[in-house]
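Some structures are shown below for you to check.
Look at the two complexes coming up: chain A is in both, with chain B in one and chain C in the other.
Entry: the complex of A and B
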């Protein structure tokens, strides 16, 4: 366990950005930190890296408080969506600065990433496109090889090919140099196969803290004629229901067992596992309640 | 597969040194800029006195290096704080590194100005009775102590610049202006109070009793230390 967060609350005036958040991060795992805009993801990462202080609660990173802790912060890399650079910096300056600040920096790897992302080394940072700026952050985050690396929306402006390149390089480098990676992202489906553990924050509260494998299949949709769906749903936990023309789509808590599938086939309804993204949308839009994930089948 | 153990345990000293290296080497133009400005100012001044017969032409172009250092410390400090702390440097390491870098620059520039002053006197004011690098009696000495006459005021400007940059970072530009106006009002009231109490006489008398060398190299360190402490108090809770 390299991160321990206990009952952390952060208030900005009357706004409660984080509300009693507790979780741990283990060594060498990729975490998905998911949630809607303004849910508190960035604030949480700022607290983990000592950039903000919690109003209440305790945070330990590598066994110590991260705030103003040189030993802890030197082992941590936080790639922020809004990373600032001095006005006159060019791409090469940003990389040189990172090389001086991260003890595990791999210069050859950084240069190969710069080539792969097509970054112009001599272009001023302030003249980079949004995607190129994100690519600079991705290069710094990957080449820093920090034992705890946090990416906050690292893909903004990156096209699909560049995002895939990021995911591929992250996985390949993670396999070669395992570390703990936290990916805060909105593109949940894109990272669904990448993350090993899922943390979902909604309105400052941690509502899901589950292994990704356990989470998958916990929710399904059942689609079919209303009478057939009603018959299937009877005795099961229905989380949400929508009507699409003559059909009804019902969201249910995990019914992936063989008996349920046979029953669905008999009734003429279709069972589809909810994707991670659909699950997070359901949980953070009020369509489903987080506690429903843990209820016992009825 | 390689485990990512950090090869050394980072300490405050190692982080400060990394930041000093960053500030001096990543974009060295900022270190050279004050030198360029003061010599450009000198060249313009020298060209402008061609044909002027008046001996001992004292000019204020030397001020340019002090003002540039103030501006660079304020703007550079403001900008590099967000960058460095965003890359997980502690505020303390950043601030100590900024002070150390400023001190190294002040010594470098002080040495340069001292040597330029010696050259100025040796060449009879660059062949034109010009007193650009050595404009005052306190700078007219070959004693190495004269280096401090340049270095301490440069350090003062650096630290004040860092303090102002820290204030802008912590308060935001709008609140910084409001606080500046409030501070000016308070200082004005203090000055008015001193006038009301007939206090200027003793203050001026005390200053007159100090040697210029003591003021430039000794007493100036007091407001420098105050600005340095103030900068840290402002920056210690600032967010990048």
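Entry: the complex of A and C
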């Protein structure tokens, strides 16, 4: 276990950003940190990387508190959504700074990524497009090979091909150099098969902490005539229901295993497993809060 | 990958299918965990879980330092297992759909016969 978070609460004035969050991260695994805008994902990552102190609770990273702890921070790489660089920095300066900061930095690998992402080495950072800026973060995050690497929405402005390149390079490099990776993202479908473990935060609380394979197929929709759907739903937890003409669609907690498929067949209803993205949406659809509008959706 | 079923199960099934259809002969080497992960764009630990399930089943065996290989007798073993599952996996949905459409069992049998002579 390389990260241990116990009962962490973070308040900003009267706003509770994190509310009694506890979990651990193990060595060499890829985690998906999922949730809506304003759920507390970024705050949590800032606390893990020593950029914020929790209001209450304890955080240990590599067995020590991360805040102002150089030994811990040298083993941690946090790729932020909106990384700031000094005004006169060019791409090569950002890479040189990263090379000095991270003990495991692989310069040859960084240079090959720069070529693959088509980054202009001598262009001033402030003249980069949004996608190129994200690519700089991705290169730093991969080439730093930090034992704990956190990506906070790393792909803003990256097109589908560049995002695929990121996923492919991440998987290949992770296979060669295993480490703990936390991917915070809204593009859940794109990373669903990449992550080994899923953490979902909703309104500051951790509501899912589970292996991705365990989670798959834990929620289903059942569609059919109302009486048949009711018969299927009986004894199960229904989360949501929609009616269209003579059909009812119910979203419920349950597994699409052989038994429930047989039961669905017998009752004449269609059972469909939810994707990870659909699951997260139905678990986190609360009332819209004003702070959700602050972050620009992609 | 298909939703709702664990990915490691699907990885294991894919290798099983390759063994059954002969594209992975007995004693041949199967792709490594990292190759499977990169090809399917899945987590290497998940790919490893699929492989390990086949090792536990005796379908694959490990040659230390070299990789995973198809066990002798794996093909026959898999075929037997799939034959046992055949009725449940393929006949059941056929009968259910036939019933829904009002097609009798005799008609279904008839269709199978004509299908074969096409």
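The criterion applied here is as follows: the second predicted complex is superposed on the first by the 282 of 298 C-alpha atoms of A that agree within 3 Å, B and C clash if a C-alpha of one lies under 4 Å from a C-alpha of the other, contacts with A are read in each partner's own complex, and residues count from 1 in each chain.
The rule is simple: a residue touches a chain if its C-beta (ideal position, glycine included) is under 8 Å from a C-beta of that chain, and two chains touch if they have at least 3 such contacts.
All values derive from a computational prediction rather than experimental measurement.
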**Item:** Contacts of A:15 with chain B and chain C, given as first, second, both or neither
**Value:** neither
**Prompt:** Looking at the overlay, what does A:227 touch: chain B (first), chain C (second), both, or neither?
**Reply:** neither
**Asked** With the two structures laid over each other on chain A, which partner does A:167 touch: chain B (first), chain C (second), both, or neither?
**Response** second
**Prompt:** After superposition on the shared chain, which partner residues are touched by A:175: those of chain B (first), chain C (second), both, or neither?
**Reply:** both
**Asked** Now for A:83: first (chain B), second (chain C), both, or neither, which partner does it touch?
**Response** first
**Which superposed partner A:275 touches (first chain B, second chain C, both, neither)** = second
**Request:** Residue by residue on chain A, keep only those touching chain B in one complex and chain C in the other, then list them.
**Result:** 175-176
**Message:** List the residues on chain A that touch chain C in their complex, please.
**Reply:** 29-30, 167-168, 171-172, 174-176, 193-196, 212-213, 216-217, 220, 256, 258, 262, 265, 268, 272-275
**For the chain C and chain A complex, residues of the former touching the latter** = 1, 3-8, 33-34, 37-38, 40-46, 49, 88, 92-93, 96, 100
**Complete:** The chain A residues in contact with chain B across the complex are 46, 49-53, 68-71, 73-78, 80, 83-89, 93, 96-98, 100-104, 140, 145-147, 175-179
**Request:** Note which residues of chain B are touching chain A in the complex, please.
**Result:** 1-12, 14-15, 18-19, 21-22, 25-27, 29-30, 76, 79-80, 82-93, 236-237, 239-240
